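Here come two complexes built around chain A, the first alongside chain B, the second alongside chain C.
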Partner chain A sequence: MGGAMIIEVAQQIFNGIVIGSVYVLIALGLTVIFGIFGIAHFAHGSVAMFGGYLTFYLTQRFGLSLFPGMAIAMPIGALLGILIERLAYRPVRDDPHINAFIIALGLTMLIEGADLLLFGADQVVIPSSYRSVINIAGLAMVELRIYVVLTTCALIAAMTVLLSSTRTGKAVRAVAQNRSAAILMGVDVEWVSMVVFAISSALGIAAGALIGALFAVAPGVGEGLVVKGFAVLILGGLGSIPGAIVGGIVLGVSETLAAGFISSAYKDGIAFLVMILVLLFRPEGLLGKR
Partner chain B sequence: MTKSNIAIAVGACVLGIVLLALPSILTVPYFLHLTILSLILVIVAQGQNLVQGYTGYVSIAQGGFMGIGAYCSALLSVKSGLPVWLSLPLAPIVCSILALAVGYPTLRVKGHYFAIVTLAYNMVIFIVLLNFTSLTGGEAGIPNIPCMENLRLPWGEISFTTRTGYYYLVLVVAAAVTIFCALVVHSRIGRVMIAIRQNEALAEAVGVATWRFKLFSFVASASLAGLAGALYAHFTRFINPTPFGVDQSLNAILAVILGGSGTLAGPVVGAFTVIFLPEYLRIAETYRLIAYGLILVLTTIFMPRGIVRIASQIARWRPKVSTRQ
Partner chain C sequence: MKRFESRLYLGIVAMVAVLTFGIGAIAAEKELAIGVSDALTGPGATYGLPQSNAVQLAVEEINAKGGVKVGKDSYKLRVISYDDKANPTEGTNAVRKLIDRDGVKYILGFCCSGPTSAVASFIGREDVVMLVGNAAERAITAQGNPNLFRTRPPADYTGSAAGTFVAQRGAKKLAVVGSLDVSFYRQYIEAFEREFEKGGGKIIAKESYSATDRDMTPQLTKVRALNPDALLVTGYVEPSSFVYRQAFDLGMKMPRYGFTSGSEEMFLKVATSEQMEGIWDLRPTELTVEALGPVGKAFLANYTKKFNIPPAPSAPYAYDQVYVLKHALENAGTVDDTKKVAAEIRKLAVPPEAVMKYIPIDKKMFDENGQAYTSNGAFQWKNNKWTYVSDLPSDPMIYSKFLRSLRK
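Entry: the complex of A and B
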């Protein structure tokens, strides 16, 4: 009895890590943009959904499998990110932040609408062949779910290397720390803005593709996704990359545990309640310093 | 009285006459239907304007509060058999109590945090409306919501089951709400709200208990949304959770931004634009989102001060006459 319970909990935690790693990808994109521009990029969820649909389209149209499809979709997403920065956010760069947020709301509608127009209103699941189940000590792990976690780890590693060891990464960090000082030191802020939006959108696209393979892509999913992304940011502290990773896993695990042991209908509500509580009682985030 | 004041007074009179005569002018019943929906959105947008336009806090919970108001009044009249004239005013009261409870802790956070938390509130409300089936009926909603009882007046009886009757009711409420907002904005409360928007730290430093005013504007906006939701429920006579999602909150924000945030006429112009523009453009549901999004982005970039201010700028514009000989 006790053993079965432990396995059940472990199973839910594993599922939580899988979902949490998708949240991490979403949150990383949001946190980098927030850290550098102070923009709450609300349209990020619909960008991710665009990625899910695009990957589905690529797999259907060209017969690609999941990961090659995702690899092609990511640069397209990066391009979309650059467009968003250039056309929508840059004109309001010097306006009050509320304007950028309203732009983000407008972009959300715009991209959701474009998704509907390009891909239709159907719910789609990206087909993948990784369906075999690996059993370790009673823990059932679907191959795909393991690959999702590994992909997330690889993307986090790639991003960390990019930010810590390249010249561009140095410039990004400089702008995040002190924008005007970075400009005075000759950092090309326009280039940094482009790079940041490209990376963040590519990560969002990857998250959308993984969601599409794990569950499904459907209109309206993006909104819930981006709010969860913000929930992660709030758990981990706005602008913090380690915070986004920890927060994503915490949110994913608490959500699956809530779904498994409390109520699956209210699992999203529970996630939002956790976020509201953290925000009200520890607004600097779980990892933040007081 | 200055020239511009006379112009405003004349304009208001003309608008009043047009609004009163509207049911006889509009021959297509559908347009009257849309006008009623616009007036309901005016009520929501005036509240949104108090909290967003004047106080500078973007609340994305108006749709949720509308839902609470709608379900509150509908359930009280359907399940408890309460007369609609009693259940309707209870909706904003319930909303304001709720807003008071959640608003106090929420208003400690600022800017983006505040927007995101209120958005989460809206999502929680939506999830509860959808899943608390024993009370709300879930996706299937509540059918057969009664309309207001007829009103007996010395000169006859008014029925609200017709569109015309309901139109006048909503018109009176929307006008009263606009007047209420005008009084608030022009009082000390309104000036403090603007001060908070412009520089909250400074307002606090000179000894203003800003939290009271922030709480007031948040609660006022929530209760107005609740009132609008109740009016919506008794107008459509059927509700389910769909119209009370985040989209509805975005509509309220869109109305405020488009019309002109921080002006009294802005939410009115904005609400009518939001409801009528897609009908006028005759665009399908798919393009509606794109058009709305595009309009929101373009408005924020190119005319962040809204239609009303642009219009008054155009009205005041005089060709520059060089005084130099």
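Entry: the complex of A and C
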């Protein structure tokens, strides 16, 4: 009985780490923008869905497999991020935050409408050949799910290297710490702005592609994802990259353990419960600064 | 002479004009607008779009043969379609538009129980006839609206037959993973459980997922730990196909039974044939080649040719609605008196053009509740396709009386 319980817990934790990895990618895209510009980029979920649809199109049209398709979709997503920054958010940069919020909502509808026109209303599943299952004493790990976790780790590592070891990354950190001082030090804030949106959208595209391979891309899925993303932001700490990583995994594992040991009806409600508890008792988040 | 000639020519031109337009007026074809309210987008579209397509196909067939002959007139059918998005508010709005703005008296489609139940709650007060297709919620016909008819049997009629079948196959501990927030799936499971327990079985778990869920690994992991000897999956085909795929990945190879009514194409978008192999679907004996006669085979061929995709199992419910309406209008001799048309539907035998194999009640297609019945069948996935294996033990006469007893 004890052994069976351990296997069940281990399986749920593995399930949670997989879905948590996707939440991490979504949350990272949200937190870099919120941390630096204070913009709640609600359209990020729709951008992720666009990434899923785009990756599906690339795999079908050019016969690519999942990861090469995703690798091509990500730079396209980065360009989309730059366009979003230039055309949607930059004009309202110095206005009250509510303007950016309204822009975000409008962008959500625009991108979802474009997805519907371009790709239709049916769900799409990105085919992948990573179907084998590794079974260790009853713990079943599908190959694709392992790759999702590894891909997330690789993207986190790439982003860390970019931000800590490159000139561009230094500029981004300078703007994040003190925008006015960064301007005085000669940092091109416009350029940093575009880079941040490019990184955010590329991560969102990756999340959408992985969701499309693990599950499916369909109208309405993006909204649920962005809500989970904001729950992770609040849990981990607004603007905190380590917080987004820890928060994503904690949320994913909480959901699966709640579904497994309390009730499946609570799986999606956990995100809202987490948001409420964190806001009540530790509003700066697990790793946020007071 | 010149004046006489010019008057003669004028007279000839006038006569030709009168004959042309006069004869045209006498022979002018009449048109009857019929409405379709169905899920054309969103999670219900896998059921609603095939229904809408099937209505279009039937209408084109009828119009090509001269339309509906009502008395001395012939009516070509024209379809006005609205998307109810499987949502009760959208469904109500769609039907209100059809009735109030478009002046439609005959409304078909209705794949999904949410919007259909909402409409059924007020349609009894309207001067229309409503023909329901795939929507399986029992209350839709249990209410006894005199102007509402349904071609698809309610979910619990199939559920009780399925429970008996699974018990006969020797299952003792069964776990359910289903859309428990949807009432007709709950009704299927309740009826299933009653008969399954009579056969000596027990349901040891009921885990839920919603129409938009795609990750059911937490629910399946919990169920796996309970070691059931059978699994029952009840839900819309899109999330259910993920249940089958993820159950296979978790090593759950016990007999898996379902109530999902999806076509092979729908499942293969998500799961591989290996992952589907051996799975059962316990449902009305819907569109499947082995159960079809020549009418059904012709429908399959014509639908596939027109829409470049085979019809989904929900499609014939709507196709048959059109022919029911055609015969009722012709028998009633009126397109305006909906009470008379509804009375004719009540008396109607199964139309010869019907694709589904209906079981008549007292030689009529619909019982006193406005409900039609098909047989229930056990289908198993073998080598890339659903294969009809056997009928499920079901009795529409007993169910019809039970449905009548529910009316307040």
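Some observations on this one:
What we mean here is this: the second predicted complex is superposed on the first by the 285 of 290 C-alpha atoms of A that agree within 3 Å, B and C clash if a C-alpha of one lies under 4 Å from a C-alpha of the other, contacts with A are read in each partner's own complex, and residues count from 1 in each chain.
As a working rule, a residue touches a chain if its C-beta (ideal position, glycine included) is under 8 Å from a C-beta of that chain, and two chains touch if they have at least 3 such contacts.
Because the structure is predicted, anything quoted here is derived from the model rather than measured.
Touch criterion met: A:G224 reaches chain B and chain C at once. When the two complexes are overlaid on their common chain A, residue A:A182 makes contact with neither chain B nor chain C.
By the touch criterion defined above, A:M70 lies against neither chain B nor chain C after alignment on the C-alpha atoms of chain A. Touch criterion met: A:R131 reaches chain C, while chain B stays clear of it.
By the document's definition of touching, of the two partners only chain B reaches A:G113; chain C does not. In the superposition on chain A, no contact is made by A:I84 with either chain B or chain C. In the superposed model, A:A207 lies in contact with neither chain B nor chain C.
By the touch criterion defined above, A:A265 reaches both chain B and chain C. Across the superposed pair, chain B and chain C both touch chain A at residues 116, 224, 265, 268. Chain C contributes residues 40-42, 45-46, 207-210, 212-215, 217-219, 221-222, 224-225, 238, 242, 249-251, 269-270, 272 to its touches with chain A in the complex. Of all residues in chain A, those touching chain C in their complex are 4-5, 7-8, 11-12, 15-16, 19, 116, 121-123, 125, 131, 133, 135, 138, 140, 142, 214-216, 218-221, 224, 255-256, 259-261, 263-265, 267-268. Put simply, chain B touches chain A in their complex at residues 56, 58, 105-106, 108-109, 111-113, 115-117, 119-121, 123-124, 127-128, 131, 246, 250, 253, 257, 286-297, 300-301, 304.
On the side of chain A, the complex with chain B involves touching residues 34, 40, 88, 91-92, 95, 97-99, 101-103, 105-114, 116-117, 223-224, 227, 230-231, 234, 238, 265-266, 268-269, 272-273, 275-276, 279-280, 283.
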